[in-house]
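First chain written, first letter: the chains are A, B, C, D and E, and each begins at residue 1.
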Amino acid sequence: SADLLDDITQAKKIRISTDVAIPPSGMMDSSMKPTGSDVEVAQLLAKDWGLELEFIQTTGATRIPNVLTGKADIIISTLSVTPDRAKVIDFTKRYATLQSDVGCLKSSTVKDWPDLKDKPIGVSRGTTQDTTLSNMKDKDLKISRYDDDATMVTAAVSGQVDCVASSATIINQIGVKNPSRVFESRIPLATFDLAIGLKKGEQRLMDKLNAWITENVKNGKLNAIYKKFHGVELPPDMRS
Amino acid sequence: MQQNPSSSEPIVSLRDVQKSFGPLRVLDGVSFAVERGEVLALIGRSGSGKSTALRCIDRFEKVDGGEIVVCGHRVDRPDVDLRALRQDVGIVFQSYNLFPHLTIEQNITLAPCAVKGMATSQARDLARKVLAQVGLEEKLHAYPEQLSGGQQQRAAIARSLAMQPKVMLFDEVTSALDPELTAEVLKVIEQLAADGMTMVMVTHEMGFAKGIADRIVFMHRGKVHETGPASILTSPATPELTQFVGTGNLKS
Amino acid sequence: MGGHLNINHLMFLGQGALWTIGLSVIALIGGGIVGFVIALARISPLKSVRIASGVYVQLIQGTPLLVILFLGYFGLAAIGLKVSALAAAGASLTLYVSAYLGEIWRGCIQSVPKPQWEAAEGLALSRTQRMMKVILPQAIRIATPPTVGFMVQIIKNTSLASVVGFVELMRSGQIVNNSLFEPFAIYAIIAVVYFAMCYPLSLFSQKLERRMGRGRSNLAPA
Amino acid sequence: MSLQLDFPAVLERWPNFLAGAALTLELAAFATVLGALFGTLAAVGRGARSPLIAGACKVYVETIRNTPLLVQIFLVYFGLASLGLKFSAFTVAVAALTINVGAYTAEIMRAGFEAIPRGQIEAAEGLALSRLQIYWHIILLPAIEKVYPALTSQFVLLMLASSVCSQISAEELTAVANYIQSDTYRAFETYIIVAVLYVILSLVMRAGFWGLGLVLFPRRRRLGTPL
Amino acid sequence: MQQNPSSSEPIVSLRDVQKSFGPLRVLDGVSFAVERGEVLALIGRSGSGKSTALRCIDRFEKVDGGEIVVCGHRVDRPDVDLRALRQDVGIVFQSYNLFPHLTIEQNITLAPCAVKGMATSQARDLARKVLAQVGLEEKLHAYPEQLSGGQQQRAAIARSLAMQPKVMLFDEVTSALDPELTAEVLKVIEQLAADGMTMVMVTHEMGFAKGIADRIVFMHRGKVHETGPASILTSPATPELTQFVGTGNLKS
């Protein structure tokens, strides 16, 4: 196999590593079919390239090993671009962004970092939010790490934690699940670029993916998908 | 519940005792009595109900009918005070049933301390005394498995003695032992008899029964078939006992 | 997303349950075959074989299944073997089950009373004949209840195959929960389904054990 | 080889591994002690004369033994929260593990009780010991001695099974591994190290139980019969 | 390996056999020989090494020193052909060790078919024949657990006989049985002796040893202490044997 792109073309099939347990990027609809923003991005890509699409089900922790060990060709799974990750895999251009906040129960009095002292903050283990919070050693934070977003949201919905660090979309979801526990964003954490991840050294595939992203940002298709699931548009600097 | 039995009353008495296991009638109207200081030997072929009769005396089996009185306890009644009964009765089984995780001393002191509330030091002295009675002083701190079968059986007898029972029951206490070990256990029992202990023993050792028993009870098919002094073994009245002592002689 | 538990969710859970059963069967067959070899190796007359199989058992039994699954899934790929998730999970479960079944069966073989081995030896039977005609038939009787009992463990442990991307019962429950967020209700349903799969096996194993207990007490003293 | 192994990059994080291993051991220790007590009580309860107590103990044992630990942990964790009771992840993990291992202990102890020869109990009855005294002096220790290997294996299994506590935010060894591997993207190396650590932990536990066995069973020690 | 033993040579001979278990010297220079057709009884107190000596003859224990020749096989040598040896020697233990998962017939036919390659129908006839020899024809299709202890023991003897051994070893084959069952097993062995079978038997039944044995070997502390015809039991030469038969007589 000289080149991953050739392999994909030859197989007429692309294998995409996607976590379907992190709504609204990946989830199951009421008829238990995969849906979500990442799922639709993947479907769009496969359609444009005329390939059959295979989802490699993954969890947050196994997203990257899946492409490193050749079990999947690319990752489309709310993968934010960080320097650490860039040492291990290559990233395309961003295809979306993710606003991360610390969100708290509406009735809580948390306003800023000092108020968070001794309050457990729920977070998905190994996500960029986790890394960001873990690096704030000076702030004396208490972090409760869950295996995936779903468990974290469940913990928030059921009352195990009153604060979470996650995307704004997910923070807003909690109240929908349990009207007596409405969460709202209180402290902005960071904005991350989301990109497609792939194994290092696959330049031809990388070029082709970048071209595809550029085109679909321009024609508004990616923005439409984002708005459909996240309720807001992509940031202005990305749309222009 | 316990009355002091007057010396004229028997220590153990069974009257018309009935006992079935399911459809099998094991005791079919058994009656006999044991006087204070008497040694009674229960003999009979395998399955004739000897062990069952013995176990009924200490209430390890409930009887279906009849009357059992032991040291004034009405053993056949459902409301008999079991723990009081068993302080008056010592029982030793064929499989010695020493507690394997306790030393011989602990085996002996356990019941006096736990049941009678005896002080540990006093119980230890007692253990030494009863072990001397069975000739095992030096095994005080050994564990059961370190003893030979005969020694284990003697220790089991000592353990019973430590509760100072009024009557002792023995169920074929030597049948798991070889001849030499048998001899040492029988010597201990002989000594107990000489000291005036009341005893009921199930045994296959005809020679021994002849030598030590004041009275023989021969059981056959759940009934007392023949009873009398040791001499009935040499001149049996019934053909069943004749046959029984006949086959028993094969062992010689 | 959201909404109430509907027939699709239940179908999805049912599909997960089917995968749980499928994985269990694969694990039982694979683990059974390898476990049998392990059991024989553990009582081999060759010391080196005994030690090697002993180390194998210690290693596998000392590692959580979660970690074995992970190593099986990514480890095989890392050394250049392309395997499907099914093959990787099957291989990992086989390793795991074989170590436990091997030990269970070794115990059963060795619990055939020593005099039985000697009686067979005294009749001039060869080692293989002793094993096949005298020891194994008795060991199988002894081994059936604990083996059936261990199948319960297998069924429950396949829930960990979710880490390598298997949507079996546990994972399907998590996924349904992600769209409904009624953890207590959903996990209770999952618990009931597992119970429905496992309890009959437990009962069966207990029944076998009781029946055997009776048979065994009737055997000649050994 | 499609993957280059780089152990030093992962081993750099040894303080995290160590903390995870320590928490795993701590979880196992608490659950072992509590589970042993709880399970023994349940085993005694299963033999109770009251059908209510015996039945309740049986339902407990069978329910736990026939459902996965992960489900039990979720039910305890989210169930307690739904009731408005909030405990630390550690407390919940210990509680769930205790409930779990208690059921297995109950089954094992029951087998131990049943393995005490009838003659032992009769001998004790013949010595006028009360029911409670018989349980305490004659049955308990020998029963534990009989099933000690099975018990210790169960507790080692419990330690390994505690890896699922990562799901409810207890930072034990597997949680640490997940965290480190998503941080370093060295999954394979991380899990090999973790596997080695688990093997070491299980050896440590077995050694500990061996030592405890020497203390608990003085006869074994004196007569030199290994368990 | 096997030579046809000339009739003048003994079938079994032990010369200066040594055997230790760890520090415990169990056989300390044991020598005796058994001629064709002879019945030899091994007696001695518990732990004197009788069973060990017997087990050495059939190579269930490896000896540390000395020479054992059985039907021409050099049993002490590491390269002895075990399966050939065991076709010539039949052994019966105290615990009968029938295979519980097989019927009596299958128990008996197993070895002739598997070892000697006998045809099934022929083996079945053989089974009927040897069972008749021990008086158990009607139990052909029973399972061991359906038989009484004495019947099981006779079936075990029949199973050994089916291999048509040149010598039979018996290790206290009656000591787990009660007197009546003992009698039926001893009758079978008596018949075998009358038929000319060479036998070595460890036994506690002094009366039986006296009646059937051509020669007695009395073992004491791992040594052959006294040996001679059955009459030595009534007029022992050594004080040890005197004491041994003395205690043994307690059984009568």
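Note that a residue touches a chain if its C-beta (ideal position, glycine included) is under 8 Å from a C-beta of that chain, and two chains touch if they have at least 3 such contacts.
For clarity, every value in this text was computed on a predicted model and none was experimentally measured.
Each step here moves to a touching chain, and the least such steps from subunit C to subunit D number 1.
Least step count on the touch graph, subunit B to subunit C: 2. Highest C-beta contact pair count among chain pairs: C-D. Its C-alpha atoms superposed on subunit E, subunit B is turned by 175 degrees; the angle is given in steps of 5. Mean C-alpha position of subunit A lies 37 Å from that of subunit D. Mean C-alpha positions place subunit D and subunit E at a centre distance of 51 Å. Contact of a single residue of subunit B with at least two other chains is seen at no position.
Residue positions 62, 65, 69-70, 151, 154, 158 of subunit A each touch two or more of the other chains.
In subunit C, the residues that reach two or more other chains under the touch definition are 74, 77-78, 183-184. Contact between chains, per the stated criterion, is found for A-C, A-D, B-D, B-E, C-D, C-E. On the side of subunit D, the complex with subunit B involves touching residues 117, 119-120, 122-130, 133, 137-138, 141-142, 145, 217, 219, 222-223.
Residue ranges on subunit E touching subunit B, taken from their complex, read 45-46, 178-180, 182-183, 186, 204-207, 244, 247-252.
Those residues of subunit D lying in contact with subunit C across their complex are 1-3, 5, 62-63, 65-72, 74-75, 78-79, 82, 156, 160-161, 163-164, 174, 177, 187-188, 191-192, 194-195, 198-199, 201-203. On the subunit E side of its complex with subunit C, the touching residues are 58, 60, 82-87, 89-91, 93, 95-102, 110-111, 114-115, 144-145, 149, 152, 156, 159-160, 163, 176. In the complex of the two chains, the subunit C residues touching subunit E come out as 113, 115-116, 118-126, 129, 133-134, 137-138, 141, 215, 218-222.
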